[in-house]
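Here's a structure for you.
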């Protein structure tokens, strides 16, 4: 086995204390939400632009306990010459889950989940960015998930589009993301981690699934759609519609945060 | 992924054709290309299948190994997917070139099978919490001519159908030490129920319509596709938007409907074919790779 | 005009400020940037802290896991610190395995932990040669504007003080670990090291708490780590121009003063998070 000499290494094997918990402690109730939050409500969103001083643009999003940070660099020269596109720019997305962001400690090396998220993010963001305005160059979008409490992809999409806007990258529209957990006939919008996973016994029921939609709100175009689980077609259609509604609910918050960042950068002339 | 260069004039030609439900190779919008399936092609696997769809060639081998069940689901086995993009398929895959595509394909497969009905994972359990069967599904891309996802899922379904897992007996001695014994009889084996295994249908949006089983040329004319995996009952297990474009909500709904219809229709003839092939028994003339 | 001067002749630009005993961002030579601290913000970690020194932002998350102690130290647990400089925090870092600077920082933090004995590794042992804690201290830079090491040490110390681990016992009959998630306890912090970094300009002028730009122009960087007993527990001077003993002594005196300042800040933040609970 190759040894990672570039990091401080611990013991070869260690286990999370949660493994040793009695199994009764691990089941969770999915159907009721704490507080007065209804099943169709998104979590209150905290969004801020321009926190990373070194980046061209950056954004931070907090929804419930999910905390995501994104910074944008570029446009700059493409790294690999054979990737250079004469007509349009490249959007390079990199999503990382911090080692302490999940219940179980993650590795430093990018895993397949992170690669999958990076690809999904890139496919969801591309339709929103005017890449033809940046020929021969690349725009880098780096996302760091500080805490994963459900809906990572959806919030990463929202966060990335805020950071792109903050960087002054030309866009057709902001891209907003919303996730949903289908549980039988009921659906939970913007699920937290335990809702997202659900109890595994529930997996044998009908219509169990997760849906994430990325939406360009002004064009009413869906730029990203990811679903897994097992659902009937009509359930899926309804879930996509619900997610789109969820995205629209986020729009004012995101718009305000971007507006505030613009005002701070270029204050309106005093009369 | 392998791509072809298409001129503007060609694009217009393809788009106009699709509008009139007539594609360059004479198919309608919802028709697949000619497909060939052969199972039991690799003798040292527990199940294998080779599918060619147009010029797309895919080989799937399945190996069953005894492993430890996941702690969260002690009474189930599990599947592991690996997609190898051979440099034979296209020079772009040389070195690490195919790695990105391979990860994308295998991640999609995990999502397609991420539900409790596709395959009865409990039948893979040997001894709860201690031993289970792990099915290693290895996909090898031999030739790429568009529509990898669909061809891959069909090949996996065929290979799972072909899979034979040896029966095991658990004996316990006086001290309670368990021992696993494999059956000596090669015909004494377990089959998997593949009825619910989904097939992937990729719909490629071209102009205002969408086509099934797009060739590379057609793919170059489209900016967005929708991948949906459908079971024989019409349940959807995975949806993904692919490509750099966006889709209108209405066309998404149209595409899921088409996907469901096409996917549902795919299962019956496939199962029939697999059963027919099997009924030919050992005397069947093997075609192999020289077809 | 000033912007052009800064880009074309950055060193001259800085010198012109240093001549007047001040720095481009308006600080005096011996002035630290405003430092803020926030603990316990990551719920998935057993302990966490976020520190901002000026623009530099560093987050540390601590996760405890269980492992068997190593055979050569059967009564000791493990502390595994790693510093990551992701491409997110500055355009100078590329994705992929950790670069030289990240490796050096990880090793430095490991040395600080070993040198100062922040936590006695014996305290992490649950049952001799059977079970012990592994503390993964993952430190990640979110915004890189110089003086990484100071920020890393503060965030590590604050996160360790914030850490609560569940109680673990070994069941005598089954010989298996039993975890009680309801009863958590804090770690025993043995020493409180604080780092202070200095940059040397033109082999003579010493400034504290350098920004990223000042770091790149400086002729030497020094980091001194002191504890509450005014003892020096680690010292880092990777090459660069030589320095007289008096100057060095001056740095250490300033580091001691900085320790008091940071110590008060951490105490205050830890107290206030306790009070709010």
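The first chain written gets the first letter, and so on, giving A, B and C; residue counts start at 1 in each chain.
Here is the rule we go by: a contact is a pair of C-beta atoms (placed from the backbone, for glycine too) under 8 Å apart; a residue touches a chain by one contact, two chains touch by 3 or more.
What you are looking at is a predicted structure, and each value in this text was computed from that prediction instead of being measured.
Visitor: Which chains are shared contacts of subunit A and subunit C?
Guide: Chains in contact with subunit A as well as subunit C: not a single one.
Visitor: For which chain is the distance between its Cα centroid and the global protein Cα centroid smallest?
Guide: Centre-most chain by C-alpha means: A.
Visitor: My parser should flag the chain pair with the most contacts; which pair should that be?
Guide: The largest set of C-beta contacts joins the chains A-C.
Visitor: So, what's the distance in Å between the C-alpha centres of subunit B and subunit A?
Guide: Subunit A and subunit B have C-alpha centres separated by 28 Å.
Visitor: Whole-Å distance, subunit B centre to subunit C centre, using C-alpha means?
Guide: Between these chains, centre-to-centre, one finds 50 Å.
Visitor: Can you check the complex and tell me which residues of subunit A touch subunit B?
Guide: 19, 26, 112, 115-116, 119, 123-124, 126-128, 200, 203-204, 208-209, 211, 216, 219-233, 236-237, 240-241, 244
Visitor: Name, in rising order, each residue of subunit B that touches subunit A in their complex.
Guide: 71-73, 103-104, 106-107, 111-112, 114-118, 224, 226, 231, 234-249, 252-253, 256-257, 260
Visitor: Taking the complex as given, what residues does subunit C use to touch subunit A?
Guide: My answer: residues 41-45, 48, 55, 57, 59, 61-68, 70, 78, 80-82, 84, 86-91, 95, 97-98, 102-103, 106-107, 109-110, 134, 136, 138, 140, 142-145, 165-166, 168, 176-179, 181, 212.
Visitor: Can you tell me which positions in subunit A touch subunit C when the two form their complex?
Guide: 4, 6-11, 13-18, 20-21, 25, 51-55, 65, 67, 69-71, 73, 94, 96, 98-103, 105, 108, 110, 140, 142-144, 146-149
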